[in-house]
Amino acid sequence: MGILEVKDVNKRFGGLKALSDVNLSVKENTVHAIIGPNGAGKSTLLNCLVGKLIPDTGSVMFDGQSVLGRKPYQINQMGISRVFQTPEIFGDLTVMENVMIPLLAKRDGAFRLHAFESVEDETDLRHEAETMLEEVKMLDKRNMHTASMSRGDKRRLEMAMCLIQKPKLLLLDEPTAGMARADTNNTIDLLKEIREKRSITMCIIEHDMHVVFSLADRITVLAQGTPLVEDEPQKIKGHPKVKEAYLGEAA
Amino acid sequence: MLGLGKKDTTLLLIVAALVVFAPFILNPFPGGSGMAQFNAGYPDLMQRFVIFGIFAIGFNILFGLTGYLSFGHAAFLGVGSYSAVWMFKLLSMNVLPAILLAVVFSGLFALLIGYISLRRSGIYFSILTLAFAQMCYALAYSVLTPITGGETGLQLAQDDPRILDAARDSGNLPVPGLFGLEMRSTADLVLGDWVFTFSAGYYFCAVVMLISFYMAIRIFRSPFGMMLRAIKSNQHRLNYTGLNARPYTLAAFVISGMYAGLAGGLMASMDPLAGAERMFWTASGEVVLMTILGGVGTLIGPVLGAGLIKYMENILSKINGDILHSWFAFLPDGLEDFIVTIVYPFIGKGWHLTLGLMFMAVVIFLPGGLVEAGQRIARAVRGRRSDDRKSATTEPAE
Amino acid sequence: MDAIILQILNGLDKGSAYALIALGLTLIFGTLGVVNFAHGALFMIGAFCAVTLSRILTFSHTIIDESRTDFLGNPLKVQVPYVQDFFGEAAGATIIDWAVPLSILFAIPVMILVGVVMERGLIKHFYKRPHADQILVTFGLAIVLQEIIKYFFGANPIPTPAPDAFRGSFDFGVLLGFEANQIIYPYWRLVYFAFAAVIIGGVFAFLQFTTFGMVVRAGMADRETVQLLGINIDKRFTIMFGVAAAVAGLAGVMYVPINPPNYHMGMDFLVLSFVVVVVGGMGSLPGAVLAGFLLGILESFASMKEVIDLVPGINQIIIYLVAILILLTRPRGLMGRKGVMED
Amino acid sequence: MTKSNLTRRGVLRSGAIAGAALGVPTYLRAQESGFTNAPGDSSVTLGFNVPQTGPYADEGADELRAYELAVEHLNGGGDGGMLPTFSSQELDGSGILGRKVEYVTGDTQTKSDAARASARSMIEKDGAIMITGGSSSGVAVAVQALCQEAGVIFMSGLTHSNDTTGKDKRANGFRHFFNSYMSGAALAPVLQNAYGTDRKAYHLTADYNWGYTTEEAIRSSTEAMGWETVAAVKTPLTQTDFSSYIAPVLQSGADVLVLNHYGGNMVNSLTNAVQFGLREATANGKQFEIVVPLYSRLMARGAGENVKGIFGSTNWHWSLQDEGSQAFVKSFGTKYGFPPSQAAHTCYVQTLLYADAVQRAGSFAPCAVAEALEGFEFDGLGNGPTLYRAEDHQCFKDVLVVRGKENPTSEFDLLEIVEVTPADQVTYAPDHPQFAGGALGDCNNGA
């Protein structure tokens, strides 16, 4: 029994069948990658996991509870954090504030009217945030406004914002899309480092094979909305069906 | 002090000092001199400064922090005024229950309108709030006349019940007060050519304003305030960070609605008449302009913006041709007429023109509003060394 | 039935004005992303183009008529327009009579000029600034324009009638087979409706069938891509601003015979036109036109005695009520696109 | 609550000590006079509060011209205007009680809030002893209430609603202008003569207090002579296009349209009505007619030719031939180059009446002035013999019924006087139902 269980999920957009009978099980403390050519349904599947879309049929269970029908913030409160394709951070706020917010969300829940407390007084949280920033090597930038930072910094900050919540599952949506090779490698190193330091479950959606094979424990190949194979990375390499799917796309 | 950081405490103390000594600061010119026209230290205008300051501070909590631009905030000011006057009519001339009811009612009203309007964001939200406010105005002016007094406004009358107050034998209408201290009572201090007027109503408003300002600082520095700024910055990320934006924005909306109601209640306490024009869209637009003019998202900006607009409205509009001639009388006749002709379109009935030009000038040359002007001056004075340290007033938002 | 048709006519007429103003406003929203609070002022300036031209045409010299006296008992000064000197009394009078339609020719270059100057001189610098700044600067500009007009023309409305041929009304009902006197409708209002239809059609055709329009439409959809293609979209947007100004101005020119113009007529229409644009859907031209006509017709129905008797005050709030209902049921208005002006 | 520790204009004794300690010459400005803003020995300040911005700005500008003229005449300048024709000959051009008249101006914006702010600034900052002006009833009522509280006299400008001297009357407030009831009473007989007693009227009414009182007044006086009211429809103040209200009129079976509108509303609704062919139409076998209860010549100009032949009432018109009106028109016209409006006239007269009352009372104290005005009978100010009635502070005088002129000789010559309805016909009892529900209260000296 995995921490995330997707069973028989179907999703249609009008006449287009985006997902059909998707089954997926993500085990705790593993890195599970979902790969597939463009239009395979990766993003649709991800959106079903985070509450942005609701599947037509099937179930998505996380940690023994259904996520279906829940709003994104509720799903986050259940323990799923998410990294976006292009880093989504609070551009007008400082680095420190960017990591304080998820921390407060974790502690106080989805809403609390803490209008007369002071951010300055939250010494424990500040300390925790500083430790996290230290870990992603951004402590020196803590009072910087984030809008002007480099993309690599933004990515690391976003990662820190997710990790500080100590999520049970971290979803990564093409974390290296559009990145230069060097940046991609940096990101891979960062993710590896994170894995080594803490036990964490990750689910990566990616089409860059280099990234996938550097990180994943298990891989699911998605094509035309259906899981083709699910196996360990070595076995996925050279799998005939996978070749077919990618070549078919190329042809 | 009071749970504020050093910079915020300094800011609060400066504002407090300015407010307390306003009767002196705003009356720099001796009475009888030509410049006395520019004195603003009389009770009505000073009251207006702080009351609209409160209104703008509250508006800024919504607009400055969350970025939600409400174009109907005047409705809450109106509701506050009407509630307060009704309290004067029914219960007592004491201002406390009136102001309390004004805040409560406008808060409830904001809860209702905010709950509906906040289902949309961006310009759609603005238009929803505008539509609600315009409906309030239109109805208050016409079919709700029995409740609102319509065109002539809601006024006190001799035969109002006022169940808590002792029966009056005088033929005059009672005046609002605070446990016997009439809001309109004043004391004059005469120093040479200067007459400084200290008004009970003004100091009452000033105290309320300082409390409101203090609370605004607390909100700005609180986790709640940080969440609001996060909403403005990236609502998408906020949702995926486990935070529900809706109650945060709604809370901000209600709080700023209560600030508006407080301003309305104070306005009625200083001058017990509530008119429907207070809710017209131009009144809502005015507070938007005050906030932008002063500096969106800054603590002191909205207060400055409110002060400047009210000053122009009350001082410029009262300058007339005769006064101009008396100012420039020292010039030779031809030159005097020439200068008066040039200046005349900008004063008196032309004060709107000056206002419009000022809006444009500020937004073109000072993108951050008046606060930016202050910062530039401060930077020029302090030199380069303070580049990394932001001025206390602008720290919360960009 | 006849009452309903009458109100539909009224609604179409009101809707024409709303649609024309909203069209330009949404064009500016869509192409430039600017919240233009000075758009009402453009409508007003258009109206005063008509007033100005009729003032120019009636520019007069004075002759003294000894046989009559003025209010102080002095001999009456009679104004004789120069136009009558040049073209003879009858022809001159005809030219003066046709001042409003003639103003169209006068207003087009003036309005395009005003629009282009406004865009190049001011609005251009505000594309990248927050909406709040755009509001402040355009609102300031609107006040300034308004005050300038007030300085020269005063605050009172100025009667500027339609040409004699279009004054008065005719029995529209008879054409539809109703009894006489059931549906009387003024000529000029039908002219206005037809004029609006032509302008709206023209703008749509312009955007639909010309390469210029194609680029602008592409620019509305995705500005950056078009810029990547190496097309100077900014210049085209300047021209679009001129077009939007001209549309608003022409709406104003033709409106003066319906209601005498005054300096604050722009502000009266401003809020309404924003509501129309938003109800139609931000950045959607067909939406703006549709919403204009829809709100015009609903407003007309709400002002029927039977309706007011049923729901007192409904005529005061109908537009806002409808706007709220539409925005709550359709998040982006009738025909709005996702992502436009939502931040 | 009624026990007050501070008097309204208390005296800050500690201030004296502080001042003395600083060595600054200090004195306490005591209010020995016992009333607000008692003037000094050399001059007295009046507050002219008129709309300078907004739709009534031109009317406000005309009021201001009249005030400036009045001040000039009171101070002995110009040709004296109506001073020689005024039945009371107390004023001699030496100011008021020997004090030179000075004035301050303000902008009401035709908003009650702004008007009160402006009036308060005149009282608190400039020391105005009397406030006057305004171009709408909402503003008049709001400012009148303020002056009552502050303890200064309010001489209203143009305000036509019954409420100003009806349910919202105040002891410190005085109105020279006529009101809705008088319009109805004056118009009814003229309408009866012109259009007969068998008429069906359709009212369009501005949806606010003034509209309500005017509709009520016109309805009750026309119904009393046999007219039937087919319908009365309320129109929003902010309406600009009245087509949807005008269009159904012909179908309703009515043969008279009454436009209870003022200002911009009136201009537009009348323009629209004529556009829709109501002037040429026939209904019930009769010529269709339009009536505008309150005419303003300034505003009527905006409606252009559409006013031709349309009846209405007005407080005063420059073409009146009596001595007072002629004198006023002459001095106004000479100074400004065009004839004064009714708003200008009422403002000019109010200023003179105030000055005269102070002169007769021998004091600026509001209560003394009010007493001098109450029950005062005068003549020579343009409307024939006039009474300032003590019970409600309303002037009773002749009312003009006018009609849009067919062949105007100038842009000012828009209206012709059809009838001067004598004061008797428009007088009503102080407790008339249309004026019920208010009380003057006691006059307030303030301070």
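Quick notes on this structure:
Which chain is which? They are A, B, C and D, in the order written, and residues in each are numbered from 1.
Going forward, contacts are C-beta pairs under 8 Å (C-beta built on N, C-alpha and C of every residue); 3 or more make two chains touch, one makes a residue touch a chain.
Here is each chain with its UniProt name: A = Amino acid/amide ABC transporter ATP-binding protein 1 (HAAT family); B = Amino acid/amide ABC transporter membrane protein 2 (HAAT family); C = Amino acid/amide ABC transporter membrane protein 1 (HAAT family).
The structure displayed is predicted, hence computed values, not measured ones.
Greatest centre-to-centre distance from chain B is found for A, with centres as Cα means. Of all chains shown, B has the CA centroid lying nearest to the centroid of every protein CA atom.
Centroids of chain A and chain D (each the mean of its C-alpha atoms) stand 73 Å apart. Between the Cα centres of chain B and chain C there is a gap of 34 Å. Note: centroid distance chain A to chain C, computed from Cα atoms, is 52 Å. Within chain B, contacts with two or more other chains are made by residues 138, 141-143, 352. Within chain D, contacts with two or more other chains are made by residues 57, 61, 207, 234, 236, 238. Counting partner chains per residue, chain C has residues 313, 316 touching two or more of them. Pairs of chains in mutual contact: A-B, B-C, B-D, C-D. Looking at the complex, you find that chain C touches chain B at residues 35, 122, 125, 129-133, 135-137, 139-144, 146-148, 151, 267, 271, 274-275, 278-279, 282, 312-313, 316-317, 319-321, 323-324, 327-328, 331-333, 341-343. Touching chain D in their complex are the following residues of chain B: 39, 42-45, 48, 92-94, 138, 141-143, 145, 150-153, 155, 157-159, 165-166, 168, 170-175, 177, 179-182, 184-192, 195, 197-198, 200, 271, 273, 275, 277-278, 313-314, 317-318, 320, 348-349, 351-352. Those residues of chain C whose C-beta lies close enough to touch chain D in the complex are 2-3, 6-7, 9-11, 13-14, 17, 68, 70-72, 76, 150, 154-159, 161, 167-170, 181-182, 184-186, 188-189, 258-260, 262, 264-265, 268-269, 299-301, 303-305, 308, 313, 315-316.
Of all the residues in chain A, the ones that touch chain B in their complex are 50, 71-73, 76-77, 81-82, 84, 88-93, 97, 100-102, 104-106, 108-122, 145, 161, 165. For chain D in complex with chain B, the residues that touch the partner chain are 1-12, 15, 18-19, 22, 24-29, 52-53, 57, 60-61, 64, 104-107, 111-114, 116-118, 120-122, 124-125, 136-138, 141-142, 145-146, 148-150, 161, 163, 168, 171, 207-210, 212, 234, 236-238, 438-439, 441-442, 444.
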